[in-house]
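Sharing a structure here in structure tokens format.
Chain lettering (A, B, C and D) follows the sequence in which the chains are written, and residue indices restart at 1 in each chain.
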Amino acid sequence: MLSFANDYSIGAHPDVLKRIAETNHECTAGYCDDEHCVLAADRIRSACHDPTAQVYFITGGTVANKTVIDSMLRSEEGVIAAESGHINTHEAGAIESSGHRILPIKQRNGKISSSDLVHYLRSFHSDPNRFQMVYPGMVFISFPTEMGTLYSKEELADILGVCREYGLLLYIDGARLGYGLASPLSDLSLPDIARSCDVFYIGGTKNGALLGEAVVFPSGKAPAHFSTIMKRQGGLLAKGRLLGVQFEALFSDDLYSRIAKRGVEQAFRISQVLQKHGIRLWMPVETNQVFAILADSYADRLAKCVIYRYWLRYDETHIVARFVTTWAVSDDDIRNLDIILDSLG
Amino acid sequence: MLSFANDYSIGAHPDVLKRIAETNHECTAGYCDDEHCVLAADRIRSACHDPTAQVYFITGGTVANKTVIDSMLRSEEGVIAAESGHINTHEAGAIESSGHRILPIKQRNGKISSSDLVHYLRSFHSDPNRFQMVYPGMVFISFPTEMGTLYSKEELADILGVCREYGLLLYIDGARLGYGLASPLSDLSLPDIARSCDVFYIGGTKNGALLGEAVVFPSGKAPAHFSTIMKRQGGLLAKGRLLGVQFEALFSDDLYSRIAKRGVEQAFRISQVLQKHGIRLWMPVETNQVFAILADSYADRLAKCVIYRYWLRYDETHIVARFVTTWAVSDDDIRNLDIILDSLG
Amino acid sequence: MLSFANDYSIGAHPDVLKRIAETNHECTAGYCDDEHCVLAADRIRSACHDPTAQVYFITGGTVANKTVIDSMLRSEEGVIAAESGHINTHEAGAIESSGHRILPIKQRNGKISSSDLVHYLRSFHSDPNRFQMVYPGMVFISFPTEMGTLYSKEELADILGVCREYGLLLYIDGARLGYGLASPLSDLSLPDIARSCDVFYIGGTKNGALLGEAVVFPSGKAPAHFSTIMKRQGGLLAKGRLLGVQFEALFSDDLYSRIAKRGVEQAFRISQVLQKHGIRLWMPVETNQVFAILADSYADRLAKCVIYRYWLRYDETHIVARFVTTWAVSDDDIRNLDIILDSLG
Amino acid sequence: MLSFANDYSIGAHPDVLKRIAETNHECTAGYCDDEHCVLAADRIRSACHDPTAQVYFITGGTVANKTVIDSMLRSEEGVIAAESGHINTHEAGAIESSGHRILPIKQRNGKISSSDLVHYLRSFHSDPNRFQMVYPGMVFISFPTEMGTLYSKEELADILGVCREYGLLLYIDGARLGYGLASPLSDLSLPDIARSCDVFYIGGTKNGALLGEAVVFPSGKAPAHFSTIMKRQGGLLAKGRLLGVQFEALFSDDLYSRIAKRGVEQAFRISQVLQKHGIRLWMPVETNQVFAILADSYADRLAKCVIYRYWLRYDETHIVARFVTTWAVSDDDIRNLDIILDSLG
């Protein structure tokens, strides 16, 4: 079986695993207070061109999201997100578990627009009953989005401008940040990201790590006691160096970018193979996710040889199927997909 | 430097790491819905002699505690624990973050007694103002305790009896469960533990894993949707097989027990070395923690060669220092400690 | 100025206030453990034809909603409500403050349909990723709705049927319950309501009381320790008899119904006066709320003599205005409205 | 039966009730946005000698405590209180329901000392594991305390000094504030209170109101959106003017003070009557609570004629009984108590 099910189905990139093994017998301090975490944080600061950035290592994306949001919002504040934003769809109530409401606004290709954001905020602030409503305190966006699409530099600047005007924080969920930055279609760099928000995270789980994400507060603006807040929320690791070691490896020799670049290339190849066989795309392919429109019977037959994810029903006779890549998708995998599609006719 | 600082300062047991490497390129389902987690759960069920037990793998001890407690208590219920219980001292408010109060009762050598528990419950239930108080809904104990001590089979049965009489759940925090079961001073087995409570967890982090704990609900009594609850609380891993693989290794060839046994043996040796040099123990040594009473100046001099943890002030001129072992403490480490103590006079 | 702003702008019905004054110097137990609360609960049980119903008095609607929802849902569960449902629009995050997400579904005239409900539930239960989503645990409806409309007996039975089939609780917010039951367009009685849900509340604040609502659990199915939960949530009153005394008065001599009936009659008269002057209604008038479509300039001129509430923008040149009645709207008020509309031309 | 059970067993002071009746038919804005609330707030500001103070009216003491604490603390912070403090004993988990832990310190006569506070804070800040603990963010004291005792001006200044030094907020629970200020043994005035803390509340429920407390933020330092936070927490009243009207009355003609003064006088008389009959006091009588040590059999016989509250067991043959007064305790009540005690011999 070929698998393009998701970007967390295999283990770590070999270089990451090697570094874990090399350092396994070191005796270090716990709770990310060790030399590997210090070094990894330094490398991330350098990569961000922000020597004052604060970097924290946390176990996963859900706990990153709930911890960041809870640590930066006041109790009565909620977080604006695209309807399709991960926190609004698949976080199992993690954000609400800290008392914060998600305030969904409409999306297009997974993205929110600064004009829809302004519209929401104007409407809220002109509502005489707003004292009975949840105050917007933060904007959450994903880069790339859950649909694999990208905000341009200009779009991001516009959203940040609205946030600044209305006193909102801007948080970028970077579960797949590497794939976004590595895309030939992106005009944003890591330093651009760090300059364009109040907090973001650099996803490790989907970009070559066994687990772990790096939460970055640019310009030294982390909330007080952030390590304590991570522990309270369940995301701080006793053997925290496990996260530091991995990010140390990922930010050596450009590994983080190389992993992502390979994933994006293979996604582009998959989209070409699909289109060659007359399959339409549902969403422009910009990073490591390919969304294709498949006839029901075709989808069933394909499912016997290829693992993809059912995304949604497109119409009465078609579905949208998602194909996701990682660095580990080989050229043979692409060729095999081509052969399989040939055989399906 | 010799380090006896804690049981999470080095990486994984080599056999565990080896298994992670062997399986690294497998492509599996996410969120613990993979064959390794299935196999590891099977092995744990066998080891517990409970074919109906439900087993969940979670990232760490804090998130295990908060998830178990929140999933099993009603909103208005709290959890009884020893004053010295981990949830009452070093969980950074994780339990309260889900709205549950900790109801501390007095401890002796880290343990609560069934008679103190009965006293608390009688007092609560006879208080006409109890409707204004937090209802006790669960008893939390650690096995072994935070002071390295052990409940006997009889003590545990008595506590369970009180819980049953008063309709409370019993939860055993097994962060160091292996060391408890491996102690020559314990009369309890893993099946005994599984028969003696409503839920417990088998600690991996402190017993040879990189990270991870196995939450066990004996007799198939897990709360509905427990995986969702873990995700909501931040403890479910996308690459969940990382936890399954480790527990699969730990529960092969008796590895879990062997690791723990070695830790306990080395702790006993440390206690003999300390006593040989005239150092008094603060607490009986029963598992992998040794608490010693050191004169201030002696403690300072020792700290130049040995990493231990300051535990508390014993009197005006002495402290209590904690020495913790793992499987990785070598016989050379013990000999070196002996030599260092010789040199300190 | 004539005011039809809302149904909480004047004090209590004189008979309610009289009863408060008569009992003012009695010395009673606190926290609703007094004879007035007992008597009021008895009368409510009788009115519900449910001798086993459990009745609790609470300070207001928001705290009633959050307390009921939190006491009956598990942590990982959310509550389905109409997009226009009060808990989804104007509760200031009270429901989320206990960790529960609101799961909005579409509405028509303020109501949800059993078919939309089934569609939501089927879609949820067939989603392979539902373990990452908030589980629906309860359906919330308002009777009458926030738009003054009514569910029929058949519609309510259908919704209850879906709840039973999918294992959901059904909760009816009765902030304006009296007006719904008193409407000539309703085929539901108070015993019907009690038979058709798991919990509901009888609104006092908008139906002649100074403050207070009666939460009713039919068939003796209240959660354990509900008084404690009310206190924890902030809705239990030390001088609880203040609530008991008022409901005792409201459920004497049919006062609750008479108050509501008068409010509904006056709303119907207002709707006739508006229509006589060529003003279109936005929503059918079924209880004590009248929603009218007003041209912008007309609305501005009207606002100089009549207090109404801006509800929403209807189109580029019209708004929807809401007029609400209570028992205290006099026939003179209606006549004066007629005169004012005459003068506006 | 004579009742000295508590200070919330009768209704409102007649002047308060009269004002409710006089204003009953006024049509006002909701949610405390009315003229009575404005006027009452003005009067409270004047009484506090603080023209910039912000005043909010809330339904009760529990919801005042949870709302103030949650609105001013960060998620990871807890609140230091005396072991005997109301939030630590009888708030049914309301504080924890917002995620905040109570950090109890020892009390003497219901009071904490600045030196114990310093000791706690020094110990916390020197603990290398404090990142795993709940950070103290606020000190909660009751004035008067739950045992009826008073902080002196100097004691309060010392506590405030410690709070300022360690960056903690100081919150004064004034459920019985009037009785404290009216005591001949107090050297503190209302302006002193307002100058000595970050937030306090003026209790209405126990001082002549039907319900309601006034939360005061001196110097205009209320958290943003405090009305929204009150609604979210369940303490904001739709007919908010009910609270404004009562405080308007209480702060007219010195009524608040007169009510309290009368209560304190009657408590002093009760203590004299008790002592005249050879009954020992457990606690010095400083406000409206009298704690007496009664032999068991005597207590039983007394209970047939007088309602008091069992407080605690003093020794094997004695209990501590609490007698509480309000303005409504008449001179006849005192004489009758004397006669009853005479008859008991």
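Everything that follows uses one rule, which is that a residue touches a chain if its C-beta (ideal position, glycine included) is under 8 Å from a C-beta of that chain, and two chains touch if they have at least 3 such contacts.
From a predicted model like this one, the values you see are computed outputs, not experimental measurements.
**Q** So if I look at the partners of chain C and the partners of chain D, which chains show up in both lists?
**A** Touches both chain C and chain D: A, B.
**Q** If I average the CA coordinates per chain, which chain comes out farthest from chain B?
**A** Result for max centroid distance from chain B is chain C.
**Q** When the centre of a chain is set as the mean of its C-alpha atoms, what distance in Å lies between chain A and chain D?
**A** 50
**Q** Just curious, how far off is chain B from chain A if you go by their C-alpha centres, in Å?
**A** 34
**Q** Centroid from C-alpha atoms only, then distance chain A to chain C, rounded to Å. What do you get?
**A** The separation of the two C-alpha centroids amounts to 42 Å.
**Q** Send over the residues of chain D in touch with two or more other chains.
**A** Residues 75-76, 91-93, 97-99, 131-133, 228-229, 231-232 of chain D touch two or more partner chains.
**Q** List the residues on chain D that touch chain B in their complex, please.
**A** 75-76, 78, 89-93, 96-101, 128-129, 131-134, 310
**Q** In their shared complex, at which residues does chain B touch chain A?
**A** Per the touch definition, chain B meets chain A at residues 3, 5-6, 8-12, 14, 17, 20-21, 23-30, 59-63, 66-67, 91-94, 97-98, 205-206, 210-211, 228-229, 231-239, 242, 328.
**Q** Any idea which chain C residues touch chain B in the complex?
**A** On the chain C side, the touching residues are 31, 70-71, 74-76, 98-99, 131-133, 135, 223-225, 227-229, 231-232.
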